Amino acid sequence: MIAKVLVANRGEIACRILRACQEAEIETVAVCAPNDLESMFVEMADEVVVLRGDSIGETYLDHTQIIQAALDTGAHAIHPGFGFLSERADVARAVVDAGLVWVGPRAEAIEQMGDKMTARQTMRKAGVPVIPGEEVESIDEDQAMLELEEASTRVGYPLLLKASSGGGGKGMRAVTNPSEFHEAARAARREAVAAFGDGRIYIERLLSGSKHVEIQVLADSHGTTIHLGERECSVQRRHQKVFEEAPCATLTPELRDAMGDAAVAAAEAVAYEGAGTVEFLLAPSGEFFFLEMNTRIQVEHPVTELVTGVDIVREQLRIASGAPMSCGPLNLRGHAIEVRLYAEDAANNFLPAIGPLAVFQPPQGPGIRLDTGVREGDDVTPNYDPMLAKLIVWAPSRVEALQRMRRALDEFVILGTTTNIRFLRELCDVQAVIEGTTTTTTIDDTWPNGWQPSENQSIEEASLLMAAMGETLGLHRVHRTGGEVSGSTGPPSPFATLQRRYP
Amino acid sequence: MQHTFSSPDGPIEVTLGKDDGAFALAGHRAILIGDGRLRVTLGDGRIMFGHVAKVGDVWWVALGGHTYRWERMEAGASAGGNEGGLIAPMPGKVLQVLVKVGHTVEAGQALMVLEAMKMEHRIVAPSDGIVTMIHFADGDQVEQGASLLEIEAESE
Amino acid sequence: MIAKVLVANRGEIACRILRACQEAEIETVAVCAPNDLESMFVEMADEVVVLRGDSIGETYLDHTQIIQAALDTGAHAIHPGFGFLSERADVARAVVDAGLVWVGPRAEAIEQMGDKMTARQTMRKAGVPVIPGEEVESIDEDQAMLELEEASTRVGYPLLLKASSGGGGKGMRAVTNPSEFHEAARAARREAVAAFGDGRIYIERLLSGSKHVEIQVLADSHGTTIHLGERECSVQRRHQKVFEEAPCATLTPELRDAMGDAAVAAAEAVAYEGAGTVEFLLAPSGEFFFLEMNTRIQVEHPVTELVTGVDIVREQLRIASGAPMSCGPLNLRGHAIEVRLYAEDAANNFLPAIGPLAVFQPPQGPGIRLDTGVREGDDVTPNYDPMLAKLIVWAPSRVEALQRMRRALDEFVILGTTTNIRFLRELCDVQAVIEGTTTTTTIDDTWPNGWQPSENQSIEEASLLMAAMGETLGLHRVHRTGGEVSGSTGPPSPFATLQRRYP
Amino acid sequence: MQHTFSSPDGPIEVTLGKDDGAFALAGHRAILIGDGRLRVTLGDGRIMFGHVAKVGDVWWVALGGHTYRWERMEAGASAGGNEGGLIAPMPGKVLQVLVKVGHTVEAGQALMVLEAMKMEHRIVAPSDGIVTMIHFADGDQVEQGASLLEIEAESE
């Protein structure tokens, strides 16, 4: 039995896990960096250990200090959340070696999935499709070209030529037609040799117009491995997901079964235990290919929770304690959408923003869930990730979920820090989002020159009226500050008394 | 830093101490961490976070799922002249007066029925005693805080 | 098509309906009494009509004024919410006569269910069980006694004798054993004659230990009538529900089918259209009896929405516009609980309380829904119902839902007005609530002498420390007020200009 | 009741009017209804509710799903000396300076790469011009608000 859990994370995911523990009647320990002492997640824990150190490396990434904190406070288990230590096999091993439970898969499973080439091979063996690709190592020009042409027919078109030791686009060539292959391959090799002194070329199928579709899996120590359906997370900016939904609008039940089976096979191939996510690229052809497996809870897990009715974090705790999972058969219902609210200036190249949350008023009402680690009065600092909150909606249908998301974003008021709320709101009106035909390039395709908010002259004028009224009426809404501990009415008495005078 | 708060049982005098940067009382410690938010370390070591807000003379406190209401009294003041007086808790109408002056009543006995917010509310005797004054009759409107009737405790 | 709806209500249910309209892309009109102009629901509507008058009778109950407001603003339909005009057949008829759509059942259905004796007869005819009972009208003492004894054997024991023209408990006698019947009946008749000059006695089966179980029904104009399962609302105080859940913890699937079929039969018997609720008493024997039908949306509808995935208010709008309902087959999932937060002093006979909501911080995170019509800074006044909010949780199982409700109530902070939060929190720890064996007398049985909060000396002492600190540090948290419109920097210019100076 | 706010296009002077108890501007009217909450009637008759909050010299305004940021300027002040200056939007580290003094740049061209919050951010030219000053080099730490480099518009 796990009676006490240390949460080795911060912000909204720490709050999420702490609430799950509280509901499960498990005691909690939070760890925090000195600059996080006033953060919301700290208030939710039964105990707090303040980590020594200034940087993230010295605090949230210092597993030695964190394991010691767990031992000192008598915690039985460590939940790593996501990011930070969550995919560190060495840490998972150190936790277990210290006699504690790691709320996550075994270190070996993390390792097998963490190395991308190993993972690719493991998946191939398990019969899970990977993106077709081959490396050609020959140095001799003619020999290399021969091998490249042979490989290209096996990989299929369109394809991508990449310098094996490359990066930054150098040596990369997209080829859509076999007739262009020869010239493109020669050019790619030339560039690769010039840039890296290494002519090795990797040929990979080019999957343009693909969707990012991932399958949530759960596996317990009693031999049960299930999947909880898919999430679509195609809408990305610089590989950063911003809009996630479940189910995928275009997935057929047959394809869901096939991808679900593949994900379960992937998990079973590494004897997975706990919650994990198998990410796939879903090509327009309906073919899907393994990308990677995330061996932890994921940011976008709430959309799966809302459509399946499974409390994934609670199941993680159950599985870690050795109990069987409590989920019944997959029962998908309705549609869920999550957007990630960032403190960032979407109109200015999505530059992170900082400032006080002078007003932070989330929307309310049916079908809305907010996972956040901040509250009105907090300061957004540059110390950590600028994600303020995840706003998640559920509705009986996709159309209604999108309508609800629009309503929720319109209700959300944040003042004092620039956020991407308006960007998210206008994203809900993009044709591909409305139709469910989003791909990994939807944001770039929609706003090739960067996003700018739609203009509304009346509302802008009225906002000037409001600002001027604020100034005229002196509506200096107090930006709340912590205040000083020192008293203002003379030095306090050293004798503290509580005296009840009853008549 | 001495303050007096009223309680149903009488005034409570509080003298705050200071302990390593925190305020202290009866073995508990607290520091201010935000707008009306405090971090409290109870005498048994448990850490809790609570809220305070002042409305009029009353400090409202939320801590550990409980809410308290502490009315500030001027230091040294008596508990006030309301002993035995029964105060209208909200504006409303007197539906029925159930006792008469001179009646002996028991603690918990219903004395008056008020109507407010479309519901009936019974005003009950806080202690055994004799009804000495009744300030309203059936059908009267009463303001919040009005003294409704008075009870004198029987000689103890 | 309904493109614009007037919401003839206030508070949280007005907010609920206005949000549903907004999501459905329907324009909205709110009506409000002058003292409600700053209430939250007013802000949610596209247009507001301020009703003339001071009392509820002159404003929210003045259907002539409200229908005129709908005509003046070009609204196509009126949604009455619950309470106020919602079960007034004459108003439903007047709305339709004015050429508007009434979002609710036809006036005839309201009438047939509104008169309790008519409803009882209609239900009997439809084969829906009603509480067994008979009236004995004979004046002659011996004849009456004979008929009473005969009736008693048909009704069954235990039974209740009531003066037909009575009330307030006069002439009422509970009889558990046939041997006691004769004397009790004579006494009841004597009292009835003395009190009302009318010796008619009504004998009804006494259903002690019963649960209040109600079935949500939906019927559209295309001939489809379905039920959405049950809600249990046994936990009541003075017939006021405070804790509602779905499903009922002790209902078998067979009984659910039987009660659901009875509810659908009840609705079909009056050619019902829209959302409605058929209330039953469920006796410990497993027998159930029709109590009444509420011909409107109900306060506790969210628990059904959470377990069935149906947006009942959205379906009301669909049905009113003549469209078929969009729900598929009944798919119950997990467990939902609602508690009603009142501004009241639970420790002092549940006396309504008033005051400012100086702090109003609802809980957040997974599985929580808050339906409210107030926000921080609002004043709770004695003008309207003291319900502040409905807090609703959903979780995969009943045990987890109760755990989540405890967590949510612990997180909820309201300062400035006395509320029943602590009472609700301690209610979650009552054995009958934990076991799901609540009945309509659970609250009285648990706290026969009234509820008092559990004491916790440490926390009470610490709260004094906190109050004293507040006073010492001068934490005069501003109770926000509306402020005056008058400017502070001299008389304003009559010329309003907006001038942009570009360099 | 004249106020000046800065905007990317230059200062905006606002003179409030008063209309039947409400403040008015450009055909729109507004009244204060709560703590930083205002009821706005747009020129076309639509009613909206919005929020304002002041942080430093900036008025933040939320209305109709849009958020605006209006920095208050002393009345009559010029737009400030920042024309052509590029300001660090947040504390961070200069990863790479992509231009040199004397370079001709086009609007939108990347000038510098900053690292902050574990992400890279490009500082781009707001207009065509010539780089006249560069205040930091690769690897330098910069404070929020620091002037990074300066661009002079080409003669028009």
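Per-chain residue numbering starts at 1, and chain names A, B, C and D are given in the order in which the chains are listed.
One rule holds in what follows: contacts are C-beta pairs under 8 Å (C-beta built on N, C-alpha and C of every residue); 3 or more make two chains touch, one makes a residue touch a chain.
Everything numeric in this text was worked out from a predicted model, so none of it was measured.
Note on connectivity: the fewest steps through touching chains from subunit B to subunit C is 1. When every chain is reduced to the mean of its CA atoms, the largest separation from subunit C belongs to D. Among the pairs A-B and A-D, the greater number of C-beta contacts is found at A-D. Centroids built from CA atoms put subunit C at 40 Å from subunit A.
Our note on geometry: subunit A versus subunit B, Cα centroid distance of 50 Å, whole angstroms. Look at where the CA atoms of subunit A average out and do the same for subunit D: the two points lie 31 Å apart. Separation between the centroids of subunit B and subunit D, computed from CA atoms only, is 52 Å. Within subunit C, the positions touching two or more other chains are listed as 410, 461, 464, 472-473, 475, 478, 483, 485, 487, 489, 492, 498. Among the residues of subunit B, those in touch with two or more other chains are 1, 12, 14, 16, 23-26, 32, 35.
For subunit C in complex with subunit A, the residues that touch the partner chain are 15-16, 19-20, 22-25, 302, 305, 309-311, 314, 326-327, 331, 333-334, 362, 364-372, 395-397, 400, 403-404, 406-407, 410, 461, 464, 472-475, 478, 483, 485, 487-489, 492, 498. Across the interface of their complex, subunit D is touched by residues 37-38, 43, 46-48, 377, 478, 480-485, 487, 489-490, 492-503 of subunit C. If you check the complex, the residues on subunit B that touch subunit C are 1, 3, 5, 12, 14, 16, 23-26, 28-30, 32, 35-36, 38, 40, 42-44, 48, 50-55, 59-70, 72, 89-92, 116-119, 121-122, 124, 144. Here subunit A touches subunit D in the complex through residues 345, 348-349, 351-356, 358-359, 361, 382, 384-386, 409-410, 413-416, 418-419, 421-422, 425, 453, 456, 458-473, 475-477, 479, going by the rule given at the top. Residue ranges of subunit D in contact with subunit C, taken from their complex: 1-2, 7, 9-19, 21-26, 31-35, 39, 46-47, 49, 79, 83.
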